[in-house]
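Same chain, two partners: chain A is paired with chain B first, then with chain C.
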Partner chain A sequence: MKHRFVAPTISAAAAALAVAWFAEAPTAGQAPAEGKAEGQAAFTAGRLPWGDPDLQGMWDTRTFTPMERAEAFGNREFMTEEEAKKRDELGLTRVQSGDEDETGDDLKEQDVKRYAASDRPDDGRPGYRIAGAEYNAFWSADPSKPKMSLRTSQVIDPPDGKVPPLTREALDLWEKRDKERLHRSQADDWEDRGLSERCIVRNGLPGEMRGDTQQPVKQIIQSPGYVNIVMPYGYVRMIPVGAAGQKPHLGKGVRQWNGDPRGRWEGDTLVVTTTNFKNTIKNVVPGHGGPFGGSDHVHYYPAGGDTLVLTERFTRTDRETIEYRYTVEDPKAFVRPWTTVVYWNLDAWSEQGKQDRLFEYACHEHNYGIVNAIRGARVNRAEAMDEAAREVNVRKRERAAKLEALKKWEAGGGK
Partner chain B sequence: MRIKMIAGGIVLGTVLMFAGQALAHHAFSAEFDAKKPIQLKGKVIKMEWVNPHTWIHVDVNGTRWMVEGGPPNSLLRRGFTKASLKPGTEVFVEGFQAKDRSNKANGRDVTFADGSKLFLGSSGTGAPKDGRDPTER
Partner chain C sequence: MRQWLAKSVKVASVVASATAVACSAGQQTPAPASTAEQVFKAPRLAGTDKPDLNGLWQNLTTANWDLQDHSADGGPVPRAMGIWGAQPPGQSVVEGGEIPYKPEALAKRQENFKRRLEIDHDNLNTVGDPEAKCYLPGVPRAAYQPFPFQILQGTDKIVMAYAFANASRTIPLDKPTEAPVDFWMGWSNGSWDGDTLVVDVKGFNDMTWFDRAGNYHSDQLHVVERYTPMTPYHLQYEATIEDPQVFTRPWKISFPLYRRMEKDAQLLEFKCVDLSEEFVYGGLLRKPTN
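On to the complex of A and B.
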């Protein structure tokens, strides 16, 4: 009986959401003036008692804007409302669902379909991966829909909306890392697992500043001299501003997973420059994540992190919105710097008074997962070796694609 | 088949977009065995409300099984509270067994004794019809 009412309820809800979305979509179509945040002129952030602009709140940081722009949009930064509508109809703006009530062989069929429609390289073992369908969506996805922008990509510079190619140095390093990886199983010990599974960092900066569907909210709490960003995966970014923000960065030998940030105010905009990222080359399974999530949760940053300079700009463009912009400069990793923009919105759930802080992310204490993975690899090491090799193979194809991109860039005279 | 059609059209695109983002905390393939689908019927002993994953302990004919679920944050936002799955509740769990063959599994679907699916009745779950309810046909 219940079932009968589910479908209409959902369609109604979906329709309502769609209407809400278009109502909320920023009036786009025109690019903002260079270097100026959209809406900045129309809004002045409130001031805290000690004079700093007020960025505080529970911020929903999810976005459905793709990282890189689809070819069809060319150099267009914004899509039309018509195009946005089409994307919505195609389902590109819905929260991921793994609700298909299927197990076993049926899941394999879904997997094949997913790969067929994917731009990710096939792993050569159709049906083996069931990622995305192994959990029913209710376990992981916030059922609400994030607000949308008409942006065609998060990347706004280079103008083609694509992350620039990796350098040869980065690609060589990648190859070297994977060669080392080949001699190990999926989980010979904990270092064979990614940083997220080891409860160290999730995806690393800056990628982690985008929210995922499980933990979409970041909380900003300010105090005199500091802007603190409570990250949902169990740690706080404490960013010194004012006098503390003027202090020189740590010495080169000191490296941290989330780097060493320094903040300053440019008008209402918080500008954060972060250096001293952890050099990840030494680890067998390296990676602090960076802008890329690697295959199978083994997150790779394309270089060592030692030359990465991350510059973030937070601007409250109206009461409910922060424009979040970052620029990645790392000559060892990318052939040129690049910049992205996304919008953070005040979290609707918190606005309704249902939450005023994040659920404690006490990851280590109940991390049965890492134990299960290591035990699993010991029960059947041959299979764990096989699985690790498969992961490396997938990355081999990813790397080949990156090399092609680099060659194309070089052939075009570095443009 | 009908389910596949629903799922196929709507879900595909987004799954791809969020691949890697919306996945669980760990790599499923390292911990659980995709070739070992499992079905468990038993009574809830307790539920651990912890990150990175909740765990439901289920008594299956005198054997304790641990079933992995999603993180507390998303469950709370689904309207799932500590009262949703009380000790003693009879549940039917479908998922995949741990690779080490211990009595652990991930819980993909959790169904109550009367056949209703956890959360199916709450609004906005996005859950399609699953064909199990005879009144649905």
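On to the complex of A and C.
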């Protein structure tokens, strides 16, 4: 791989800083995870009976580190503890995806406020009549922050902490797609809805490797020759390692929504290369879904999927933590490769023995959302047609009167 | 994997030659031909004393069309599909041949069959075969759909990953737990009976079917599956099905699951949601709005 990770080159000072994980005041009772910043090999993962490093567990994959770095941090990969505390007081650390509003309120807090205001007349906001505080809260995991990283952004390369620009080719494709959209309603048919709404993929890889409040946990269960990641979106990523991981990728003629992964161990680090992604463009509506977390970055994948190479690295840095990093290389989509780092933590609820597996993701099975969207669009259209007909009718009377006048004029010999 | 296959073959041939020796020694009861299978001892999961069921498996029955005896048939839409959509003939996988329906429940099965390809947009989950809509297939149907599935057996859990609809289920082997809610794929608890993997599945909803013939169950369904290694290349699958609301007594199905032997065979996605949308939602586009 041409592109190198930043990790080995970070200064000793930065590494020392990374060591100091930040545990915020409300959870100060918990011991902060002692620092296993990248590059450190202090911890040796346990071994499974067949010799593979042990990555098993229920992993909380949420992060409160923003995808891209705030300007104020410049090229600084880590903030100071003082800065972290200040950001936390401002509520900025709560902004983790497009699911939260700009004020830093998470869904639950937004909903509590809306509920508190619910004795007021309908404010016209979508969902007003069905959403009480309990509604959104029900779908969301506890938004508390068990652990905070001092990272200023998930993106660590390029060094400015920003996703690199899209290529001209990608932008042209984006424009073309948007133009096509102009001729369609919100739901002329199902393809006008987003992939997640249609229950096809949530955000696609690698975006959905990052947990959100609704689906924070992924479960790793290993078997000889495989590392299996049970995804909360109704599928299992079966990553072959060892001999099976050395096999060539599927032929170009087989493309899959979740690509075709091959894994290998580099020491205790699982390295996974995934290719053969399906072309997702024609199905994705701008503004809903997308491989990198939906609305906060790229609304839909701006290339064909065939040139995307995703490389992921999983390192268990201590019993409770996996350092997860991925590198995206796609010369058709981005001007250069880019890399992110987040940390996965063992899920506290599961650690207490309260849950031993993920629930199934039956989504398509109850998808009245699509039925209603199509029906709604058709009703809207029918109403618009009725209104147009009414207007024509009004003009018809006017036209008839004009015709009468003409006939009268003609009958009078054109005088 | 290749290693353990080689080892298993060796075990099988050792057993076979032992049988031959026994016969030539003039023992009174020569072992029947099937002895090699009966005494087959599955290889152990590396580093453990548990049998190793890992692999890509697939059935070769036509039970997905009908669990019971069925003749060849042109299928529901021969006009559009030629014989692509035809039903292959098959013998019943049900022990005793017939499913012991309660009389009133049998009528519902006929009704299911009649309306198997209907879509009711106000009752997506109650009319028509869920398979046609790419809904999660349920258990045991996932084991006999015409698709492979992979057993991913770890230390204390097994994941079964199915090609169809990318369905999966996690089966803990250590501590049985009660189903917290209902699921399409049920709530599985696993245990070992010798070399047989026993999976007890409850917590079903009433929305999956057993086959395209409309055989069905209620949310009282209880399935006990048994996966027994027979040779390095096949497992015997057995499921006992109990549902006091629909059937007069528990009944059993069984058939072999074969290991996929193709070089480089791997489980491919059959993520069928986007393939089903025209069928599931298309009717909405052709209906008048009022």
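Assume the second predicted complex is superposed on the first by the 273 of 415 C-alpha atoms of A that agree within 3 Å, B and C clash if a C-alpha of one lies under 4 Å from a C-alpha of the other, contacts with A are read in each partner's own complex, and residues count from 1 in each chain.
Here is the rule we go by: a contact is a pair of C-beta atoms (placed from the backbone, for glycine too) under 8 Å apart; a residue touches a chain by one contact, two chains touch by 3 or more.
Note that the coordinates shown come from a computational prediction; the quantities given were computed from them, not determined experimentally.
Judged by the touch definition given at the top, the superposed model places A:186 against chain B, while chain C stays out of reach.
When the two complexes are overlaid on their common chain A, residue A:356 makes contact with chain C while staying clear of chain B.
Of the two partner chains placed around the shared chain by superposition, chain B and chain C are both touched by A:378. Legend: residue contacts after superposition of the two complexes on their common chain; A:307 is shown touching neither chain B nor chain C. Legend: residue contacts after superposition of the two complexes on their common chain; A:232 is shown touching chain B, with no touch to chain C.
Of the two partner chains, neither chain B nor chain C is touched by A:339.
In the superposed model, A:244 lies in contact with chain C only, and not with chain B. By the document's definition of touching, of the two partners only chain C reaches A:256; chain B does not. In the superposition on chain A, A:327 contacts neither chain B nor chain C.
With both complexes placed on chain A, chain A has more residues touched by B than by the other of chain B and chain C. Across the superposed pair, chain B and chain C both touch chain A at residues 199, 234, 358-360, 362, 365-368, 370, 375, 378-379. Taken in their complex, chain A has these residues touching chain B: 1-4, 6-7, 9-10, 13, 64, 66, 90-104, 106-107, 109-110, 113-114, 117-120, 128-144, 186-187, 193-194, 196-197, 199, 212-215, 217, 232, 234, 293, 296-297, 349, 355, 358-363, 365-370, 372-373, 375-380, 384, 387. Remark: chain C residues 1-2, 45-48, 52, 54, 121, 124-125, 130, 133-136, 150, 152-155, 157, 159, 161, 165-170, 172, 175, 177, 181, 183-185, 207, 264, 266-269, 271, 273-274, 276-277, 281-282, 284-285, 289-290 touch chain A in the complex. Listing the residues of chain A that touch chain C in their complex gives 48-51, 56, 189-191, 198-200, 219, 221-226, 228, 230, 234-236, 238, 240, 243-244, 247, 250, 254, 256-258, 283, 356-360, 362, 364-368, 370-371, 374-375, 378-379, 381-382.
Contact residues on chain B toward chain A in their complex (touch as defined above): 3-4, 6-34, 37, 48, 50-53, 55, 66, 68-78, 80, 94-96, 98-102, 104, 106-109, 116, 118-121, 123-133, 135-136.
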